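You will see two complexes here that share subunit A, one where it goes with subunit B and one where it goes with subunit C.
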Partner chain A sequence: MLTYYLQLGWHSLRRNPVLTTLMIFGIALGIGATMTSLTVFHLMGSDPIPWKSDRLHYVQLDNWSPDQGYNDNGEPPDQVTYRDAQALMEAARADRQAAMFKTALPVQPENPEIKPFMALGRATYADFFPMFEPSFRYGKPWDRGQDTQHARVIVLDAKTNEKLFGGQDSTGKRVRLNDVDYTVVGVLDDWRPRVKFYDLTNGSLNGPEEFYIPYTTAIELKTRSSGNNSCWKTPDPGWEGHLNSECIWEQFWVELDSPEKLAAYRSFLDNYVTDQKKLGRFPRPLNNRLYSVTEWLEVQKVVPRDVKVQVGLSFAFLAVCLINTVGLLLAKFMRKAGEIGLRRALGASRTQLFLQHLVESGVIGLSGGLAGLVLAWGGLVAVRSLYKGYDYVAQLDWSMVLTAVGLAVLSAVLAGLFPTWRACRIAPAVQLKTQ
Partner chain B sequence: MEIRPIVSALMRSKVALILIGLQIALTLAIVCNALFIINQRLALMGRPSGINEADTFAVGSLGFGAGFNVDTTIAEDLRLLRGLPGVAAATATNSLPLSNGGWSTGISLQRDQKTSTASSAIYFMDEQGLDTFGLELVAGRNFTADEVTYRHDSENQQPPAVIITEALANKLFPGQPAVGKQLYLDTDAPPNVVVGVVRRMQVPWIGFNEGGDPDSEYFSTLVPQYLAFGNFSRYVVRTEPGRRDELMKLVEAKLQAGNGARIVREARSLEDVRREGYQEHRAMTLILGGVIVSLLSITALGIVGMASFWVTQRTRQIGTRRALGATRSDILRHFLAENFLITSLGLVVGAVLTYAFNYWLITHFQAARLPLGYVAAGCLALWTLGQIAVLGPATRASKVPPAVATRSV
Partner chain C sequence: MLKMTHLSKVYRTHLIETHALRDFSIHVREGEFVAVTGPSGSGKTTFLNIAGLLETFTGGEYELDGVDVRGLGDDARSKLRNAKIGFIFQSFNLIPDLNLFDNVDVPLRYRGYPAAERRRRIEEALTRVGLASRMKHYPSELSGGQQQRVAIARALAGSPRLLLADEPTGNLDSLMARGVMEFLEEINRQGTTIVMVTHDPELAARAQRNVHVIDGQVTDLDDEPRLRGPAAVRGTSAGAGEAGMAVTHS
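Up next, the complex of A and B:
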């Protein structure tokens, strides 16, 4: 039965190629626009580490000026000071914890044929790797012992390993950064979270780092952060002044494996700040935060305003396209009044006719959806070339492909409901009479 | 013009009327709001940075190791740059307008002030800074060579003299000459004295807005120091007109050859910095422009489709009217007037939808209220579009011969 309806639909569509093309094109345009904006919205806003995002928490402490909050909306600063990061690392109250900061260092390859280059890196603790789970191609991360030893070890990303060692297993080899030799302990696979959720302060769409070194080593070597550094009080001069200042330039993440531990960590933070208040720090009211990954993405407004406006606009655009299709389908089905009358007179029931025409709209929807996918693919290519850094959030993924086709068929069937209903109300006798 | 037959014909196909009307309404709402956003972005991108962007480029250097001497590197690099034929002026600096990365400080007028009076971008530069950036001095004087000092991260030395922009001067000292006045970049240090005022220099952060003051995007303070933090240094070079690209390559090579213990980072023209800084706004205008064009095409095609359908459906009525004495132009006018009526109804609904959409943007995205002129322009555009779209089918209708009426009734 379905094949017969499909056949009828196909015939009917071929009879008015212009009208049919117009309808398919309309749906395709609407679906293409909606899918393009929705894909970016979905990929930017979706959970980057779904299997453990509720266990990873970002620590925020309000060490800001008594006279002026860090944010107008009352949210505490988005990074922490060196002093607090140190205190929290030493307390080690979470299952895992890692302080970290962004740094830029010159790489001086041994091979004179490779020109020295600047690399962006992250100074962090051993726990970073089991917390965020980048996969390793060679070797493994350094361990907590090497953190305390200020070991001169390094983890490279796949690209830097390719550049320096031609992609070979480089564990045990030496890399010179800023006149200091490090031993490679591990090389990452291609690891690319869509959103760099562990450091939203310094570019949420930036890629991961080219190298990772122990935080303790970086501090020993007086390495400054190359990321955002904000102060409300002028720091004392010199390196010690920098470390003891109220300037914020580090991120601090903890992994807490149960709600009880989360609650315990919350009260630990409150106690810590209360203790610090006795020492004359933290002049503002208690205002700590311990957001999970998804909450943190939300608070930091990772999905830009423009993307949300584009989603809103594209749905309004889709609505216009659908109304257009309803109108055209209506015109088409009404023109078929004679044929419908004939089929009714020959014994086809209303239900059968209704199904037949729904199948016909479905065929239009399916074709429109498939054409829309091609347009969405083109739209995403355009988005990638218009926006720098959107390479990983403007990619068609399977869930979006299915959504596109589903949405197209559904909307075409919905658009076809009214015209179909109108068409089936035709009284056979009247139609046959005018023939 | 007889309106009665049009209205009665329309009332016979209410659904089609609603569909076309709704489509026009939504189109008006989207087009007006999209156009409004586009114009706002164009205005944002059109604001002057106050600097010479055409002939300037920036280049950076990062030295190796703890033994690297930034002070001598800066001095030698500047000597080298200034000696190159084709270079008009060069300075060391920390940041660039529109580059989205820089240094900002709250400025106070009194030492015991609790909150700062204004927050300002800080640009470090030497006595050639004004000339290099192409800044226009409107009051006071430029820095002198002996005022320029080095600033290391081991000290918190404040310069005695600073230059501020006109916007900042108006904010700090409204109605008074700023030259000779004191301000505090650091309330724990001695005050700084304003020695000059420049017309305009945009801050590095695009869309920077302090307390809703649109002028705050031009709150910049120029400080006569060489910033020698870590092993970084950064230079801006202004070349003789037309020689920028040729000198960018040359400067990179010369700097690298002059000192091997460092990386010379790729030179970037200030025009590139602008392009990259505004990329998301440019993208938004292009995307919205695309939406407007496709939407208008879809709506126009929809009108053509529906009008053609009506013409086919009413062929017999048209024939009858022609037989009863209506002229061809009567029929043509009938369809044009019908479209005008439908469009107008749609536009009334559309005006309401436009402001509903605008309200959503205001409440969720801090947008501004849409000026009425956009709705007026949108209506005019859609009326015209409707008339053009319906012209084809209407002409076809007017060619229906009266004889059709006598057939098959």
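Up next, the complex of A and C:
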């Protein structure tokens, strides 16, 4: 019977083209507005690495001033010092761990036709790659041994490899950065997490870096961070003063494969800070954090309040559109009173007619949903052109397309419930006589 | 086939009670052609609606083909109606945006027949009323008489045991009315029980039995069927059914 109901729904759409167009347009507007805001919300807030987000944890240690906390809400600083990152790396208590910082270095291509350019990079440890799992087009990451050796190796992203080597397999070739030669060990695929979750302190919507070099090498070469650097007391002068300061400029991630290991690591951090207190550091009360990826996105408010408000408003707008649809459907179904009475006389039960008209509402919803997708696509184009950095979070993906269509059909069916109920209450005998 | 005993129907509002039928008893036997006559507002249509299970009744008993319909739920009444009853209305009640094939298909859909069976029945019914060549036409493309024949085909396609006709010729001119009437007689001769509500004494005279209703009560009831009148005989001799219909729509 569903096929029959769908046929009838289609017939009914064609019967009152003006009314039908009004209803479809109303739903399309609501769905378009809702999907535009919901897509941005969904892509910003969705788990970027769902298969292991509960195993990856961001480390926060409260080394801040005794007079004033880093955050008004009591959260510890969002980065760690070099000294602490080093200590945690050397302790190696997690299954995997990676300290890291953002940097920017000039690239000096061998090919004289390519002008030197500044590139953003990340100094990190070998564990970064198995932890965050970027896929490799060529080669592989460096290993822990090369971390220890301060090896001059580099992993390029696909675009930089395209620029320097025409997209060819460049493993084994040399790249000069700031007068230092690095050997290419790997080239990434087009890796583009929607949110740069592994470093939310330097623009959560920015793309990944153009190159990756060993942290140990970067420190040996006195490479400074180009990310955020915050201090609560003035560091001693010089490079050593910078490294030994209480300034925070590094991110630190650990991978812990079980809840027991997570608990053990928390204890380890507490013990570490307690020991450091004995050395005169960490003047504030114990306030360490180990957030999973999704918790960290939440704490860092990756989804801005504005976006949440927009989602709320767009749903309110959808509700208004649906109320309008209820009125139009009521008018449409009441005009069909005669046909409903006739179908009752010809053997249709109330249940069958109820389903028939719900399917008809669904057909209207489906049409409105498809039209709404076109509007949502236009809305997202507008968002991308209006807001910098929204390129990867303002795109329709399959899950949102299905959500849009599902939401539209569900909304229309809900909007159709009352008109359908009213229509099916019509006394058939009266309608048959008055037709 | 249809047996109502001391049936009553009361419409109630918060101000007034209207007794549409009171102590209404009738027994229509299998294969009969019964005409129900009476002035406007006498309760003829209420009787027909209750007979067709489109309305419930307030008191009394009603047996349709041996089934006591009291206490049946909406779904059961719909199934019974779909299986046993065909309707013909004064205003044809065809669905304007469905072609003839799809109009005749409506009751068959609710009966759940497979597609091939439905097609066979539709083609057979439309052939029977002489409109097989117009299956893809829409009701607006037909004359009133042709539309009523489509309505008859729709009623016949499900092979109903009982055909309820409410002023079936009320909207037709006399020539078309005669064609439709002859066709109903032909259907009756083939075994279908017909109950027809009409204002027209001439049409009523062609039925086997007349029931007169006034103020919701049967006032004049022929208990035994009588032979058809001369008009019916003329219809038969002129070739009712296909031949008769052909004259009407030509």
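The definition used in the following text is that the second predicted complex is superposed on the first by the 418 of 435 C-alpha atoms of A that agree within 3 Å, B and C clash if a C-alpha of one lies under 4 Å from a C-alpha of the other, contacts with A are read in each partner's own complex, and residues count from 1 in each chain.
Methods note: a contact is a pair of C-beta atoms (placed from the backbone, for glycine too) under 8 Å apart; a residue touches a chain by one contact, two chains touch by 3 or more.
Quantities reported herein were computed from a predicted structural model and do not represent experimental measurements.
Novice: Taking the superposition as given, does A:14 touch the first partner, subunit B, the second, subunit C, both, or neither?
Specialist: A:14 contacts subunit C only, not subunit B.
Novice: Does subunit B (first) or subunit C (second) touch A:67, or do both, or does neither?
Specialist: first
Novice: Which partner does A:238 contact after superposing on A: first (subunit B), second (subunit C), both, neither?
Specialist: first
Novice: Let me test your reading of the model: by the given contact rule, A:345 touches which partner, first (subunit B), second (subunit C), both or neither?
Specialist: second
Novice: Would you mind checking which one, subunit B or subunit C, touches more residues on subunit A?
Specialist: Answer, by number of touched residues of subunit A: B.
Novice: Taking the superposition on A as described, I'd like to know which of subunit B and subunit C A:328 touches: first, second, both or neither.
Specialist: Only subunit B; A:328 stays clear of subunit C.
Novice: List the residues of subunit A that touch subunit B in one complex and subunit C in the other.
Specialist: none
Novice: Which of the residues in subunit B come into contact with subunit A in the complex?
Specialist: So the residues of subunit B touching subunit A come out as 15-16, 19-20, 22-23, 26-27, 29-30, 33-34, 37, 62-67, 114-115, 153-156, 186, 188-189, 229-231, 262-263, 265, 276, 279-280, 282-284, 286-288, 291, 294-295, 298-299, 301-302, 305-306, 308-309, 312-313, 357, 360-361, 364-365, 408.
Novice: Report the residues of subunit A in contact with subunit B in the complex, numbered from low to high.
Specialist: Interface residues on the subunit A side: 19, 22, 26, 29, 33, 67-68, 104, 106, 108, 116-118, 178-180, 222, 224, 234-239, 242, 304-306, 308-310, 312-314, 316-317, 319-321, 323-324, 326-328, 330-331, 334-335, 383, 386-388, 418, 422, 434.
Novice: Which residues of subunit A touch subunit C once you look at their complex with the stated criterion?
Specialist: Per the touch definition, subunit A meets subunit C at residues 1, 4, 11, 14-15, 338-339, 342-352, 427-429, 432-433, 435.
Novice: Which bits of subunit C are touching subunit A when the two form their complex?
Specialist: Per the touch definition, subunit C meets subunit A at residues 45-46, 49, 52, 54-55, 74-75, 78-79, 81-83, 87, 89, 91, 93, 95, 97-98, 106-107, 109-112, 154, 158, 166.
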